[in-house]
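Listed next: structures, encoded as C-alpha cells.
In the two complexes below, chain A is the common chain; its partner is chain B in one and chain C in the other.
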Partner chain A sequence: MFTNRAEKLFVWMFFPLALLMPLLLDQNTFYVNKLATILILSIFVMSLDYLVGRCGLVTLGHALFYGLGGYLFVMLTPEYEAVNFWVYTFYVLVIASAIALVVGFIVLRTSGIYMIMITLALAQMCFYFFSDSTEFGGNDGVFIYVKPETSVFGLNLFDLDNPTHFYYLCLLSLFNCLLFFKLIMRSKFGRIVDAVQENPERTTALGYNVFQFRLASYVIASALGAYAGYLFALQYGFVNPSMLSWQTSGTALVMSILGGLGTLYGAILGTLVYEGLHYGFEHLTEHWLLPMGTLIILMVLAFRHGLAGYLESLLGKRK
Partner chain B sequence: MSSLLEVRSLHTLYGDSHVLHGVSFDIKKGQAVSLMGRNGMGKTTTLKSILGVLTPRSGQVRFQDQDLDGLPTWQRMRRDIAYVPEGRGMFHNLTVKEHLLMAARPNQRREVLWDYDRVLATFPRLQERLGNLGTQLSGGEQQMLAIGRALMTNPDLLILDEATEGLAPLIRKEIWEVIRTIKASGVSTLIVDKNIQVLEKICDHHIVLVKGRVVFEGNSQQLLEQRDEVESHLGV
Partner chain C sequence: MTSRIELQTASLADSLPHGHSLAEPKVVLETEGLCKYWGGLKALDDLSLQFHDRQLHGIVGPNGAGKSTLLNLLCGTYKPTRGKIVHLGDAIDSIKPYEFSRRGIGRGFQKTNIYPSATCLENCSIAAQRRIGGSFNIFRSRHSEKLLTEMAEQALAKVGLAHRRDAVASRISYGEQRQLEIATVLATAPSVLLLDEPMAGMGHEESQLIIALLKTLKQDYCIVLVEHDMDAVFELSDQLTVMVDGQHLITDTVDQVRDDARVKIAYLGQGDEVI
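Take a look at the complex of A and B:
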C-alpha cells in the first residue's frame, strides 16, 4: 500500500506516535483538543491535496465544503436532540456530494486561473450568504447544543464529548482517509486521474472522458472536505462563516504546498508543521504573522517539492 | 470487403487557413493504409479531423457504418479506434505497467484480443522495464509502449502518426515488424510515415497528400508503377 520509503517511514512513525499522544500528554484536554484539530485540518488539507496535486484542479474555494459540512449538520439536526453520529455522517457526506456534483459541473467547465476565480466566487457567495443570514446566526454562527450519540444497535461506542474519544475518532478518520486515497490512486481510476493531470488531450485520445474523471474526483475531495468541516463543528460545538472564507482555502493550500503537493501524506506533514509554527510564534510574539510568513516562504524556497519531497530525497526515493 | 472507415470530402480550416480540401478515402477491414506527404501537407490535420480533435467545416467521417460527426474525441475512441500520437505521448507520472493497465478495456463486442500478457509477449523489451516511468525509456521503447498501450484498448483501427520518426534504423526495423504482426492479427491500421520503401511492402493501400488534397490513391502495385511521381510529391 505504502510503497515509497519516505511515505512508509512517515506512516509507521506518525500513526503509532499519534496513537500514544493522549497517554503521553496525560490526557491534557487542551493539547488533546489541539491535536484533534490538527487531525481534522489534515483531512481537509489531504482532500485539497488530492484535488490540486493529483488532479491538477487548483481551487481557492475548497473551504466552501469545509463550511458546508458544519452548516449541513446544523441544518439537518433538531436543536435539542441527540441524533445518531453515523446516520448524520452519512447524510452530510451524501448531501455534500450532491452539492459538489452541481458545483463541479459548473466549475470544471473552466480551468486554470478561471477555475480559481469561479471557485473563489462561489465560496465567497456562500460565505456572505451565511454571514448575512439571521437564521444561521450571521457572523457569530450557530451553536450545536447537543452532540450526537454514537450507538450502533444500542451499543454506545464512544462519547463525542470526551476529548480523548474524539481525538481517536479523528485519528481513525485521518488514517481511513489516507488509506482511501491510496486505494484510489492504486486503482485504474487513479491511474487515469494521474494521466488526466499529466495530459488531458492524450487521455481523451485513449477514450476516456476527462470531464467525468475530474467531476468524480471533485465530488470525492469535496465530500471529504465536508466531513472534515463536520468533525470541526462537532469538536467545537459551533459553526461560523469563517469556515467558508477564502482564508481557510488559502491556508489549506499553503499547508498542502508546504507538505509536498500530491503526496497525500505530505498534507499531514504540512498541517503539523504549519500549526506547530502557528502555535509557537503565537506564543512568542504579538506580531507572529511576520516571522511565520517569512519562515514559510523560506521553507517553500528550500524544499521545492515540499517537506515530503525533501524527506524522499533524503531517503533517495523520489520518483 | 466492407469499409471500416469512410472519410468523405473533408474540408478543415485553422482559422482562415484552409488546410484540407475535400480529402476522401476508405479503409477496409483488416487493411493497412499509409498516409504520406511532406511536412505541412495535412496528414496530422486529417487524423485530427477523423478523431474529432478538429471539427471539419464540411465532410463526413463514418466508422463501422456509423456517423462520427458531432461525437467528442473520447466517444470516437470508444468505438474501437486507437491512436498513437506523434511524439509517443508518454505520461511522465506513470510506469510502463501503469501505462498498459490504465488503457486496458475490451472492445465494443466485449472481446479481449489484446491483454496485458499478449502485449508484453509482443514487446518483450517492455517486460524488463515494467517498473520504469514512461519517460525513462529510450525512444524505441517509448514507441513500443505507445503502440502497446493503444493495443490494450482492443481496437479495430489503429492509427499511427509518425511511428518511426527519430528512431535508430534497428529500432525502426523492430517497430515495422511489430506493425506487421498487428496487421496479421486482423487490426486495420492507418500509418502516417515518410518511409515509402517500407510502407509499400507493409501497406495494402496508399494515399498521398499535397497541400490538403489527395494526389495519389492506390494499391502497392499502382504505387510501384507511379513511384517517380509519388516520390516527387514526397520530396524524396
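Take a look at the complex of A and C:
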C-alpha cells in the first residue's frame, strides 16, 4: 500500500509515535488537545491536497466545507439533547456530499484562476451569511452545549469529553483518511484521476468524461473536509464563521504546499511543521506572522517539492 | 439511414449505401456537407467525403487548407457549423467529445499527446480500461489489473513497442512516443484512426518505421491520415483528398491525383507556400 520509501518511513514513524503521545505527555490536557487539533487540521489539509495535488483542481474555498461540517451539526441537532455520534457523522457526510455535488457542478465548469475566484466567492458568501445571521450567533458563532454520545448497540466505546479519547478518535480518523486516499489512488478510479490531471485532452480523446471524475473527486474531498470541520466543532464545543473564512482555505493551501503537493502524507508533515512553527514563534514574539511567513517562503523555495519531496530526495529515490 | 446494428448484421451488398459496387469496401465514416466557420472565415466549406474500412485515406493540402479542422470535427473537438458526420450509419455530430472514442473513433494529435510520467504499459492500460469499464470502482481488483496488462501489452506489441513496456514515456525517443500514442489509441479498439501528421519532426529512419506500421494497420482499420510528407502519403494512401482554402479539390486514387492539373496549380501555380 505504501510503496514509496519516504512515505513508508514517515507512516511507520508518525503513527506509532502519535499513538504513544498521550502517554508521553502524561495526559496533559492542553497538549493532547493541541495535538488533536493538528490531527483534525491534517485531515482537512489532506483532503485539499488530494483536490489540488492529485486532481489539479486549485480551490481557495475549501473552508466552505470545513465550516459547513461544523454548522451542519449545529443545525441538525437539538440544543439540549445528546445525539448519537455515528448517526450524525453519517448525516454530516451525506449532506456535505450533496452540497458538494451542487457546488462542484457549478465550480468545475471553470478552471485555473477562474475556479480559484469562484470557489473563493462562494466560500466568502457563506462566511458573510453566517457572520450576519442572528440564529447562528453571527460573528460569535454558536455553542454546542451537549456533545454527542458514542454508543453502538448500547455499548459506550469512548467519551468525547475526554481529551485522550477524542485524540485517539482523531488519530484513527486521520489514519483511515490516508488509507482511503491511498486505496482510491491505487484503484481503477485513481488511475483515471491521475490521467485526468496529467493530460485531460488525451483522457477525453480516450473516451473518458473528465467532468465526472473531477466531480466525484470534488465530492470526496469536500465530504472529508466537512468531516474535519465537524470534528473541530466537537472538540471545542463551538462553531464560528472564521472556520469559513478565506484565511482558513489559504492556510490549508500553504500547509499542503509546504508538505509537498499531491503526496497525501505530506499534508500531515506540512500541518505538523506549520503548526509547530506557529506555536514556537507565537511564544517568542507578538509579531509572529512576520518571521514565520519569511521562514515558510524560504522553505518553499528550498524544497521545491515540499517537505515530502525533500524527504524523498534524502532517501535517494524520487517517484 | 440504416441503423448501426442492421449495418453490422446485413450482408455486405445490402449494407452499402448509395449503390456502391460490391468490390468497394464498406463506408465506416462519412461527412455530408460539413462546414466549419469561424466568424466570417470558412475554415471548412461543404465537405462531403467517405472513408472506407481497411483503407488509408490521405488528406493533403497547403497550410490553412482545413485539414486539421476536419480532423477536429471528425473526433468531436469542434462542433460543425453545418453538415453531418455519419459513423456506421449513425449521425454523430451532436454527441459529446468523449463519446467519439466510445464509438470507435480514435484520435492521434499533431503534437504528441501521451501521459509523459507514466510507463508505456500504463499509458495503454489507461486506454484499455475504458473498454473493460469500472472506472468508478475504488477498489483494486487483481483480475481486472491482469486483464488490463494483457490488453495493454497487445496494443504495445501491435506498434512494436513491446520491449519498451516498462520505460517511462517521457524517456523514450520522439519516434517511439508517436508509436506509443498510436498504441494507446489502438488499446481503445477503434474502427477509425484519425492521425494528424504522425511523421512530423521525424528523421528518415523513424518515418520509415511509422510508414511500415501504418501499412500493417491499414489492413485492419480505416485510417484518415493528414500528413505533410508527400512521399509518405503517396506511398500509403488508397484514396487521396486534396484540399485548398477549406474547399474540397479532388478525391481519387494517388495516380489520378498526381496527374491532376488543378492539384498542380494549387501546389505550384499560385502558391508561395512551402510544403
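Throughout what follows, the second predicted complex is superposed on the first by the 319 of 319 C-alpha atoms of A that agree within 3 Å, B and C clash if a C-alpha of one lies under 4 Å from a C-alpha of the other, contacts with A are read in each partner's own complex, and residues count from 1 in each chain.
By definition in this document, a contact is a pair of C-beta atoms (placed from the backbone, for glycine too) under 8 Å apart; a residue touches a chain by one contact, two chains touch by 3 or more.
Everything quoted here is computed from the prediction, not taken from an experiment.
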| request: With the two complexes overlaid on their shared chain, look at chain A and say whether chain B and chain C clash or fit. | output: clash
| request: Report for A:Leu25: first if it touches chain B alone, second if chain C alone, otherwise both or neither. | output: neither
| task | On the superposed three-chain arrangement, identify whether chain B or chain C touches more chain A residues. | result | C
| said: Under the stated touch criterion, which partner chain does A:Val146 make contact with: chain B (first), chain C (second), both, or neither? | reply: neither
| chain B versus chain C as contact partner of A:Ile184, first or second or both or neither | second
| Contacts of A:Leu295 with chain B and chain C, given as first, second, both or neither | neither
| said: Taking the superposition on A as described, I'd like to know which of chain B and chain C A:Met117 touches: first, second, both or neither. | reply: neither
| Touching A:Leu215 in the superposition: chain B (first), chain C (second), both, neither? | neither
| task | Using the superposition on chain A described above, determine whether A:Val83 touches chain B (first), chain C (second), both, or neither. | result | neither
| query | Hey, what residues of chain A end up touching chain B and chain C alike? | reply | 188, 191-192, 194-195, 198-199, 201-202, 204-210
| message | Show me the residue ranges of chain B that touch chain A in the complex, using the header's touch definition. | response | 51, 53, 72-75, 77-78, 82-83, 85, 89, 91-94, 98, 101-105, 133, 149-150, 153
| note | Listed in rising order, the residues of chain A that touch chain B in the complex are 188, 191-192, 194-195, 197-199, 201-202, 204-210, 319
| request: Spell out the residues on chain A that touch chain C in their complex, using ranges where they run on. | output: 183-184, 186-192, 194-195, 198-199, 201-210, 212-213, 216
| remark: chain C contacts chain A in the complex at 75, 96-102, 106-107, 109, 113-118, 122, 125-127, 129-130, 134-141, 144, 184-185, 188
